[in-house]
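What follows is a group of structures, each given as C-alpha cells.
Look at the two complexes coming up: subunit A is in both, with subunit B in one and subunit C in the other.
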Partner chain A sequence: MSDARDSRSDLAADRRALLRGAGGLLAVLLAPGVTLYALGGTEAAARAPGEAVSPKVRWGLLIDVNACPAECDACVAACRTENGWADTGHSATDPHWIRKVSVRDPASGAAREVPVMCQHCASAPCVDVCPTGASFRRADGIVLVDRHICIGCRYCIMACPYKARTLVHEPVHDQTADAPRGKGTVEGCTLCAPRIDAGRLPACVEACAAKGAAMLFGDLNDPNSAIAKAVAARAPARIRADLRLDPGVGYRGL
Partner chain B sequence: MAKLAFQTLDDHSTPFWALIAFHVALVAAGLGAALYMEENGHIVTGMNNQVVWGLPHVFAVFLIVAASGALNVASVSSVFNRLAYKPYARLSGLLAIALLIGGLAVLVLDLGRPDRLLVAMTTYNFKSIFAWNIYLYSGFVVIVAAYLFSMMDRQAAKSAAFGKAMGWLAFGWRLALTTGTGSIFGFLIAREAYDAAILAPLFIAASFLYGLAFTVLVLLTMSRETRDELMPEEMLGKFRGLLAIFALAVLYFTAVQHVTKLYSAAHQGVELFLLRDGGVFPLVFWLGQIGIGTVLPLALLAFAPRGTKGRLAIELASALFLIGGLAQLYVIIIGGQAFPLALFPGMEVSSPALDGEVGRYVPALPELLLGASGVSMAMLIVALALRLMPFLPKAPAGEVSANAATAQGLGASDPMPSGRTL
Partner chain C sequence: MIRARAMAVALLVSLIGAGSAIAGDGSGAGRTPRPNPPKAQGEACVRDTDVMRRNHMTLLMHQRDDTVHRGVRTKNPGTKDLSLSGCIGCHAAPGADGRPVSYADPGHFCRACHSYAAVSIDCFECHASRPAPAKTASGSDGTMPDLARDMAKDLSAYLDQGRDQTREDGR
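Right, the complex of A and B next:
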C-alpha cells in the first residue's frame, strides 16, 4: 500500500534518539538492539537511514468483522510466521500477538469473530505505567516494547484493557531477525513496524487480503488514504470505546 | 522523666538460634527459588498471562505496606509526643527499614529480568507510578535512617528540633509511600476489582495494623530473649487497644469497599465473584481474611485476661492479623486479576487467549519460598541490627510505667477501650 511506502520512518533512528538521551551505561545495554533493528532494515527498499519516524503519520487498522469468516485463521497464522511465536503447550502462558475472539450476544444469539491485537492506543495505559519507559509509543502511533529495557515487571499487562500483551514465560528459540523475543520480557503486536518501515503491509493484513479482505491498513492522518476516507465516511466502532484510549484499530460490525 | 536506656543483644538462647536458623534457611530457599525462576522463566511458577502477579507480589505488597505501618510507633512518640512510645521508637524505625527491604527484594527477584535491576534504577518513565515508587521507597530508607540517627547519635539526639523535624518528615513520607503503593492498583482502569477510591484509606489502615502486629511480635519475642519486660503491663494494654482499633478500621474500610461496589451495577459481577462465586477467593476472604484474620484475633484481644497474663493472646492475635493481611492481599491482588477482563461487556466471549475465562492460578513452591523469604530477610536484618546497635529498650518495668503514666497514650488509660463493646 502506498501509505506505508511514503513513510520514511525508521526504528533504528528512533533507537538512536533514545540513545542520545540516555547515559553511557544504557548505551551499552541497548547496543545489541540497534544492531538487530539495523540488520532488519537493510533489506528494506523504503528505508531512509537516519530519518526519524514521522509524527505526521498515524498508522491504523480498520477491521470489518462481517467480512471475517469464523473458520479463517490466516491473520493469526501469518503473524506467527512473521514474528516467530507459537503455542508452547501451556495454554495459560501461550503468547498471543493476535487472536480471534468469538463474541456471542446472549440476547439475540448473534455471533461473530473479532480479530484482536494491540490497539495501538494514543493514550496507552501500558506506556503510562511502564516504570522504565520500555513501553513506548512511536511518533507514528505504533506502540512497542523495547526488549532491551523491559524488566519484566508485567505492570503493562495489568494495565492493558485489551489483553494485548503477554510475558515470555519460557526460553525462546528460533527468533526472527525483525522480531526479537526474550524470556522474561513482555511482547505484543508491533503492527509489523519493521515491515511498515520497509514500505510493506503488516503480515496479518497481507494474509487477510487473500481471504476475507477484512483488514484495511494505512495512515489515518492522510486524508487521501483509503482508511482515512473510510473512517471519515463512517466512524468505526472501538472495543471498550468507553475507556477513551483513542485506539489506532477500529472495527466495523462489532 | 527517667532517662531511657537501650541495650544490644549479645547473648542468644537456643530457641533464638533456632529461629535465626529457620530464617536463614528460608532466605536461602527463597534465593534458590529466584535463581530457578530466572533460569527457567516464569513457567515454573503458577503465574500466567491471566494472573501475571502472583504470590511474590502478595508478600511484597504486604511487607511494603507493613513497613510504613511499622514506623507508626516512632511517629506517635515524636510527632504526637506520646512519651510512652519513646522506648520503642528505635525498634519501630529499624523494623520499617527491614520490612521494606524484605518486600523490595521479593519484588525485584520476581521480575522477568531481575538482572536488569540496574536498568530499572537508571531509566525512568516519570509518568509511571512505579517509577515514583522507586523514589518513595529509597527515600523512605534514607529518611528513616536519618531519623534513627537523630535518635541514636549522642550529638544529634541533643537537638530536639532535628529529631522532631525528622519525625515529621518520616511521618509524611510514610503516608505518601502507602498511598503510592495503593495507587499502583488505581491506575489499572480496566480491572474492575481495583476501581475503588476506598483502596487508598484501606491500605493506610491496613498498614497501621500489619506494622503494629509485626512490632508487637518482635517485642514479645525479644522480651523472651532478653528476659526483660520490654512491654510492661501498661504498654501491653495500649498495644492491645491499638491493634483492636486498627483491625476494626480495616474491617470498616473493607466493608465499605465491598458494599459500595455491590450496589453499583457495573461492579456487581466482580463483587459476587470475590465474595460468593469465585471458588477459592470467597473462601480466602471469608475464612482467611474475616474469620481467621479479623474475628478470631479480635475475640482473642477482647476475651483474653487483662494485664500481663494476656500476653500470649496478644501475641497470637498479632500473628493472626498478619495471616489475615496476607489473605486480604491475596483476594485483592490475585482475585482482582482472576476476574476476566471484559473486552465486550455483556457478551459471551471465548478465545485461545482464554478471553472471558476466570484466570486459573495455583501458587507453585518457588513462589511461596520467594515470597516468604522476604519476611525472613526482614527478620534477619532486625536480628543483626539488634546485635550491632542499641535498638532495644532496656526497661525496668517500673520506670517505663512511670513514664507512661505522665503521658496520655493513644489507647487512653483503659487498656481495652473497644474490646469491651465487642
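Right, the complex of A and C next:
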C-alpha cells in the first residue's frame, strides 16, 4: 500500500506526460465550430492495483447539445447494453440511467434532445437524505448507490432534482458482471465506474464518439485534460444551476 | 444477521466434518446426507478450503466495501482476486445444455451447501449467479487507439460525403 502511495505522484506525472503526448489527446477540427475530442484511454486513468480512488481526481462530462442529433440514441443504447437495464413494460416505473430529454426554447423555437443522467453533484441531495448511507459520493466525485445497504426507501429519488434515479421493481436475472442490480434497490448512472477503474471511457461516451461526438469525458481537476481546458475556455451551462449543486456534468448550447 | 449466517456456516462445517466421520468414504453416500458441491476449475482457491468454508462470507464482505466505496477492483497486492465474479467464474457448474447453471438450479455450487444448511443467500438478488456468455468481439474496447482509429475513419467518411446533414443547423 505504501508503495502504491509513493508511486501516486509518479503516476500523476506520467498522466500529464501522456496527455501532452500524441496519443493522449485527440482533437480534430472538422469545420469551424465542430470539434471532436477524445480523452486518453487506458494509461491515462489507470491507478496502481489495490490503490483506492483519489480525491485529486474529479470525473466529469461535458455534453455539446448542438452536436447531439435529435434522432440519435447511441448513448442510451450503449448504457442499456453495458449495464443491462431495459424497459419492463411498465412505463411509469421503467429504469432510466440515461435518457434523452426534449427541450425547446419558446422564444426562438430552437428544439434539442438532451442526454440527461445523474449529474454527479458535489453537493448531492441524494446523499444528504439517504438514511442508511447507501447513497454516497466516491472520492473521485462519482455518486453511487451501495445496494448492499440500500433499503429501497426512495428518499433519494424524491430528493434528486434531475430525476436521475429509479427503483428496480421486478426481479432481475443474469445481470452483467460489472452492473449488479436487483429488486428493491435504487439505481442510477454510475458514470461506468467499473470501466473508469479499468482505465476505459464510459459506455455512452464511447458510443457517442462514433456518432455525434458530443460528449467529452475526463478529469475536471487536471488542468491539462481536454475537459478541463474546454470548461476553462467556455463556462458550461448546468441544468438547474440555481440549485448550486456543483454537478460534474456540464452542457454546451443549452 | 451476519453473525447468524456465520454461525450457520460454522454449523454447516461441523456437520460436514461429522458427516465425513460417519460416512468415512468421502463419497457422500452414508447414513447422513452430505452436500456435494461441484468441482471448481482452476488450480487453487484464493484461500485454503478450510478457511473458505468458514470465512468466504467475510472475505466477500470485505471485498465488496473495498470495491464499491474505494474503487479497488483488481487483486490487492500479494493476494488473489477476491471478487464475487471471480468466485462465480471458477465455480461455474455446467448444466445439461453446457451453459453454467444459475442459482435456481440445485446443481449450482453455492446452492449445494446453502440449501443443505438452509441458509438463504442474498448475493444473487443483484449479482449474476453464473458467468455471462462470452461476448462477441466488438472490435473496440473503448481505449484510445481504437477510438482514434474509429474517429479517423469517421472523419474521412465525413470529408468524403461533404457536409453532414445532422450538423446543418444550430452551428
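The rule is short, and it goes like this: the second predicted complex is superposed on the first by the 205 of 254 C-alpha atoms of A that agree within 3 Å, B and C clash if a C-alpha of one lies under 4 Å from a C-alpha of the other, contacts with A are read in each partner's own complex, and residues count from 1 in each chain.
One rule holds in what follows: a residue touches a chain if its C-beta (ideal position, glycine included) is under 8 Å from a C-beta of that chain, and two chains touch if they have at least 3 such contacts.
Values in this document were obtained by computation on a predicted structure and should not be read as measured data.
Trainee: Tell me which partner A:R138 touches in the superposition: subunit B (first), subunit C (second), both or neither.
Mentor: After superposing on A, A:R138 lies in contact with subunit C but is clear of subunit B.
Trainee: Touch check for A:V249: first (subunit B), second (subunit C), both, or neither?
Mentor: neither
Trainee: One more residue to check, A:A203. First (subunit B), second (subunit C), both or neither?
Mentor: second
Trainee: May I ask you to decide whether A:A193 touches subunit B, subunit C, both, or neither, giving the answer as first, second, both or neither?
Mentor: Only subunit C; A:A193 stays clear of subunit B.
Trainee: So, A:M117: does it touch subunit B (first), subunit C (second), both, or neither?
Mentor: A:M117: touches no partner chain.
Trainee: After lining up the shared chain so the two structures overlap, which partner does A:D105 touch, if you call subunit B first and subunit C second: first, second, both or neither?
Mentor: first
Trainee: Which partner does A:K183 contact after superposing on A: first (subunit B), second (subunit C), both, neither?
Mentor: After superposing on A, A:K183 lies in contact with both subunit B and subunit C.
Trainee: Using the superposition on A, tell me which residues of subunit A are in contact with subunit B and, in the other complex, with subunit C.
Mentor: 23, 26, 171, 182-185
Trainee: Please name which positions on subunit A make contact with subunit C in the complex.
Mentor: It is residues 1, 3-4, 23-24, 26, 28, 30-31, 33-34, 36, 38-42, 44, 47, 49-53, 66-67, 69, 72, 110, 112, 136, 138-140, 144, 146-148, 171-177, 180-185, 193-195, 197-201, 203, 206, 209-210, 212-213, 253 of subunit A that touch subunit C.
Trainee: Using the touch definition from the top, list the residues of subunit B that touch subunit A in their complex.
Mentor: For subunit B paired with subunit A, touching residues are 38, 40-43, 47-50, 52-53, 111-114, 116-120, 122-125, 127-131, 134, 184, 187-191, 337, 341, 343-344, 346-355, 359-360.
Trainee: For subunit C, which residues count as touching subunit A in their complex?
Mentor: 64, 66, 68-77, 85, 88, 102, 125-128, 130-132, 140-148, 150-151, 154-155, 158, 163, 166-167, 170-171
Trainee: Across the complex, what residues on subunit A touch subunit B?
Mentor: Touching subunit B from subunit A are residues 22-23, 25-26, 29, 88, 90-94, 96, 99-106, 114, 116, 125, 127-135, 149-155, 157-163, 166-171, 182-186, 239-240, 243, 254.
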